[in-house]
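What follows is a pair of complexes built around subunit A, which joins subunit B in one and subunit C in the other.
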Partner chain A sequence: MNLILEKQALQDLLQSWRQNYDVYLPQKLERFSHFMPLTETSVLVTDEPHNTRIPPKSLFLPMTEALVKFTRYGGYEDARHEIQPRIVFGIRPCDAQAVQLLDTSFIQDEYTDPLWLERREKTITIGLGCHEPCLNGFCTTVGYGPFNKADLDAILTDMGDVYLVETFSQAGDACFQGLPVAAEETYQEALAVQHSAHDQMPVAFETENLKEKLEQNFKNNYWDEVSQSCLGCGVCTFLCPTCFCFDIVDETQRRERVRNWDSCMFRTYSLEASGHNPRPSRVERTRQRISHKFVYWLDQVNQIGCTGCGRCVRYCPVGLDIRSMLRQAHSLPFEVSHAI
Partner chain B sequence: MPDLNAIRTEAKRLLAEGVVDVVVAFKAGETPLHPQPAFFRSADEVDQLVYDGLCQNNLATFLTRVPKQSKVGMVVRGCENRSVNALVVEKQKNRADLFLIGVPCEGILDWQKIVGEVGETVKSVKENGQNLMIETKAGYQLLERHDFLHESCKRCIHPNPMSADILIGEALQEGDPNLARTAVETFEDQTIEDRYAWFQKEAERCIRCYACRQACPMCYCEECFVDHIEPRWSESGATPAGMQGWHIVRAFHQTGRCTSCGACERACPMDIKMTYLTEKLNHDMREKYNFEPGLDAQTQPPFAAVTLDDKNRFSV
Partner chain C sequence: MQSNGRSLYTPIPMHVLRAYYESTDRSLKTLELSFDHAENSHAFFEAFNPGQFCLLSVAGKGESALGVASAAWEGDFVRFTAQNVGSVTSALHKLKAGDAIGMRGPMGNGFPLEDWKGKNLVIIGGGCAFSTLYALTKHVHHEDHRDDYGKLILVYGTRTSGLCMYKHDIAAWHENEDMEIHQAIDVPEENWQHHVGYVPDVVRQVAPSPDNAVAVVCGPPIMTKFTLPALDELGFAPEAIFTSLEKRMKCGVGKCGRCNLGPQYICKDGPVFSLAELNALPADL
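Here is the complex of A and B:
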């Protein structure tokens, strides 16, 4: 359904959702915006010319969570909290797409993560398209876009005084029940806004044969070059909406088994108990990060594992830019593989 | 701003004459806001070398990451020079294997403050004495440079590299030590509750990405205490205890070693203030021991100096 929402009616609508849902939306925290629970006094941030700093993946895979609590005499109990039905409002298309990508990892017949699944099932996602696309992002280059609709129950298009609301599910319909239906003309105007946003985004790098180039140049000193100034911190991975690695640790003092975010850029990530480290330096770790997104995701689910959100570009403390790294990769030698 | 050509000429000479194997400096990034640390290994690469107020990293952090035997040239500002000295004191590098190209520093610019003021579409940033001329999609904007500095640079005491092998440009006036002192005293003047609330607010926003540690030249431990598994020194998760422990102990390990460069704060993706902790330690080092890290390449920090006739024998 295509509906019209007056901007000035948004605040009341959001508040009305609180009766039945926990509502999360981007709000100001220090110098950035962050998905936080809606309260009576919350101020929604929609006008930042870029994305929230921490991606909304943290609403589905928290930075740290207790899985199991140990009891006396060798027993244990579930440490999970019950999740209330939730609405995540203002999620950007790249981040919604990322959540869909992560489903392919967390929801599989035999190996479904119950925590992820429960949060997913209980969450309605309402997107806000990027009518003025950010400068660090490159969603169109990796096959998505500023009004990409994957995984959204509804998406809003900013049209000045009003939003056009497109709903894609019953849950989405229910959230916007009672709003006037948009005239065909208005809908066409919204589509024009969406297309113009899409067209504003330059091609950041060529993706044709990129996978083969990266794969076939596993040992090229390209990797030494692009990783030289990397600090080996967790910024690009923790802030990435599609990075999902975690580490399970027994916090014996708390008597808890916890799950924490982990990063392939850390030395300890691939360190084995023997002391051997198969990815001994930043060179191998950088290669892993890039290859996971631009080679292995394609092998596994035939999708690029980067949604072009631009966070790693914007916040890398040494200005390492994945766009220019991949542009450099463009000139790597390769042979077309003729596999059927 | 020191003359870029003079820096390049010197870097070229060092490489051409084989004085050093590599020159560590900056090169232009994808946008004018993010120049990147860069490693120049031959004279003809040096034309890519840049230097401006947006070069936000402390290059000394790379000193422990290049092969130990290699001869290294480095473009250093005041804080970087002190960090290099502190690393030499800690025997991480021989001073004889280093050639420092010194540039007097007018303070590092905060790119987030700039985009906060002029928007995202920054095309170029020109620095001219006290002014910044920013070109954006909308046109040109003239800003007061001082307003866009990082806080650690506003209170810098020694902007000049004091033991560089060559200084490019005129030495600047030293900073006012009262600014560093006042920053610490203002914090101390708050009630204990207010200080704890501040500490909680800052530390508990941490995502434990360790960018602060990785950006710091003095954090070169092969294994950081937080990564230690047996015994475990700190809770692993992003829990209040874990985050507070990380912040306190990280700062503590800097006692008598931190050169107030602020690289840790600049690297933090969560805008967490942390130099107020290290500044307190630096302040105590100055007041109680008359010591400032990195002023020379010989003097051991007070807490690292052990003598056999030490009256207060260390006991565990």
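Here is the complex of A and C:
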């Protein structure tokens, strides 16, 4: 369904959802925007030329959460979490796409992560398309786009005084029940906005044969070059919407086993008890990060594991830019494989 | 992987049945664990295959991945041998009979025993990595399974004779006509009656035939690295050479990310890979 939502009416609509849902939306937090629960005075941030600093993956995989409780006499039980039905409003298409990519890791038959699954099932996601190109983003380059609809129950297109609302599920319909249906020409106008936004996104690097080039050059000096200035701070992975690695540690005083976001850019990530480390320097660790996104994800689910949100570019303290790293990768030697 | 209605990350309750030192230097300790609840035992043995591993859990210390060193027919318990190297394994070394412990597993694929039926098995182990090979040998050597396989050749090397694990069984196997066992230590010792030298050299010396045979190699990385070319020289095809890998692990169920080898997770897709499979993966070990 295509509906019209007056911008003035948005606040009331958001507030009305609060009766039945925990509503999360991007709000100002210090110098950044951040997904936080809606309160009576919440103000939606839409005027930033970039995404929230911390990706909304944190709503499904919190930075830290208990997995296991230690009981008396050496037993263990599942840590309990109250997960309320939720609406995540204003999620950008790159981040929604990222959550869907993460489903392929967390939801796998007998290997399904129960907390991830429950949060996913209880969440309605309403996207806000990007009608203007954001800083550093490159979503179209990796095959997605500023109005990518994956994983969304509805998406909004900013058309000045109004939003065009496209709904894709019953849950999405229910959220916007009672809004006037958009006239066909308004819908066409919205599509024009969407297409123009898509066309304005620059092509950041070539993806054709990129996977094969990275694979074939696993031992190339290229990796030394591109990792030279890396500090190993891990911000690129921490703020990446598709990075999902976590550490598991015991919090003795809380009597809990907890998972915390982890990063393949850290030395201790793969350090073994024997002292052996398969990725002993930032060269191997950088190779792992890039190869995971542009080689291994493709092997696993045939999708690039990067949605082009641009956070790693924006927040790298030494200005390492994955776009130029991959442009450089494109000039690496490469043999076309004729294997069928 | 069994769930028992619990989260993937929640260990099942076990207790220590027996705990004893495996090596004379006390760096290796064997724990035999029994199940607190019968349903967990059923689920475990329903899923278990030699070559799999479990995560042993000590509350407050963490979890450690250890290969299962017992065969299902041995009884209603699971055996592990831990080297005292880190904070969890040193906590494991302090456990004694009756103590509570948590366990998750069995995890991973285990050895492809079905595919190996009818073949000669060349089992090559080094140091404490011999544990899952011990489980494999006990499984294959049992009267119910022995006829499924051809010749059984075992090569087992340790730095010293004191570091040799499962000494009772190993000694008995020397007397056994049903298998060929070659034991080695790195440096000569008084009264040592077997090979002296490194495992790859012993393999060359023993020269097992590659005809209708598979070779399984488990040992420290350096041993594996030099044993694979020796097997290649003897004529073993990459499809007929198997090894069990390890990397740092946390979740054990392919979620936490760190044990990946290219697109594969050693915990979930491994730990057993053929050399042919490994050759197609990045050298990220």
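Keep this in mind: the second predicted complex is superposed on the first by the 339 of 340 C-alpha atoms of A that agree within 3 Å, B and C clash if a C-alpha of one lies under 4 Å from a C-alpha of the other, contacts with A are read in each partner's own complex, and residues count from 1 in each chain.
The definition used in the following text is that a contact is a pair of C-beta atoms (placed from the backbone, for glycine too) under 8 Å apart; a residue touches a chain by one contact, two chains touch by 3 or more.
Fair warning: this is a prediction, and the values are worked out from it, not measured in the lab.
Enquirer: Which term applies to subunit B and subunit C once both are placed on subunit A by superposition, clash or fit?
Expert: Here the two partners, once superposed via subunit A, fit next to each other without clashing.
Enquirer: With both complexes overlaid on chain A, does A:D113 touch subunit B (first), subunit C (second), both or neither?
Expert: Second partner only, subunit C.
Enquirer: On the A-aligned overlay, A:E208 touches which partner chain: subunit B = first, subunit C = second, or both, or neither?
Expert: Neither: A:E208 stays clear of subunit B and subunit C.
Enquirer: Per the contact definition in the header, classify A:N260: touching subunit B only (first), subunit C only (second), both, or neither.
Expert: Once the two structures are laid over each other on A, A:N260 reaches subunit B alone.
Enquirer: Check whether A:E284 is in contact with subunit B, with subunit C, with both or with neither, and answer first, second, both or neither.
Expert: The second partner, subunit C, only.
Enquirer: Could you look at A:V249 and tell me whether it touches subunit B, subunit C, both or neither (first, second, both, neither)?
Expert: Once the two structures are laid over each other on A, A:V249 reaches both partners.
Enquirer: Looking at A:E185, would you say it contacts subunit B, subunit C, both, or neither? Reply first, second, both or neither.
Expert: The answer is neither, since A:E185 touches no partner chain.
Enquirer: Go through the superposed model and pick first if A:E40 touches only subunit B, second if only subunit C, both, or neither.
Expert: neither
Enquirer: Where does A:Y76 make contact in the superposed view: on subunit B (first), on subunit C (second), on both, or on neither?
Expert: A:Y76: touches subunit C, not subunit B.
Enquirer: To make sure I follow: the centres are taken over C-alpha atoms, the vertex is subunit A, the ends are subunit B and subunit C. What is that angle to the nearest 10 degrees?
Expert: Superposed on A, the angle at subunit A reads 90 degrees.
Enquirer: Across all Cα pairs of subunit B and subunit C, what is the smallest distance in the superposition, given in whole Å?
Expert: Minimum over all C-alpha pairs of subunit B and subunit C: 5 Å.
Enquirer: Return the residues of subunit A at which the contacts from subunit B and from subunit C coincide.
Expert: On subunit A, the overlap between the subunit B and subunit C contacts is residues 247, 249, 252.
Enquirer: Can you list the subunit B residues touching subunit A in their complex?
Expert: Residues 29-31, 34-39, 56-57, 61-62, 112, 116, 119-121, 205, 207-211, 213-215, 227, 232, 235-239, 242, 266-267, 269-271 of subunit B touch subunit A in their complex.
Enquirer: Provide the residue numbers of subunit A that touch subunit C in the complex, in ascending order.
Expert: Listed in rising order, the residues are 67-68, 70, 73-79, 105-106, 108, 110-115, 215, 218-219, 244-250, 252, 255, 257, 259, 262, 264, 269-274, 276, 278-279, 284, 288, 291-292, 295-297, 299-300.
Enquirer: Which stretch or stretches of subunit C touch subunit A in the complex?
Expert: Interface residues on subunit C, with respect to subunit A: 1, 3, 6-13, 57, 59-64, 85-86, 89, 99-102, 221, 246-248, 250-251, 253-258, 260, 262-263, 268, 282-285.
Enquirer: Can you list the residues on subunit A that touch subunit B in the complex?
Expert: Against subunit B, subunit A makes touches at 29-32, 49-50, 53-54, 63-64, 134-135, 228-229, 231-235, 238-239, 247, 249, 251-254, 258, 260-261, 263, 266-268, 313, 315-321, 323-324.
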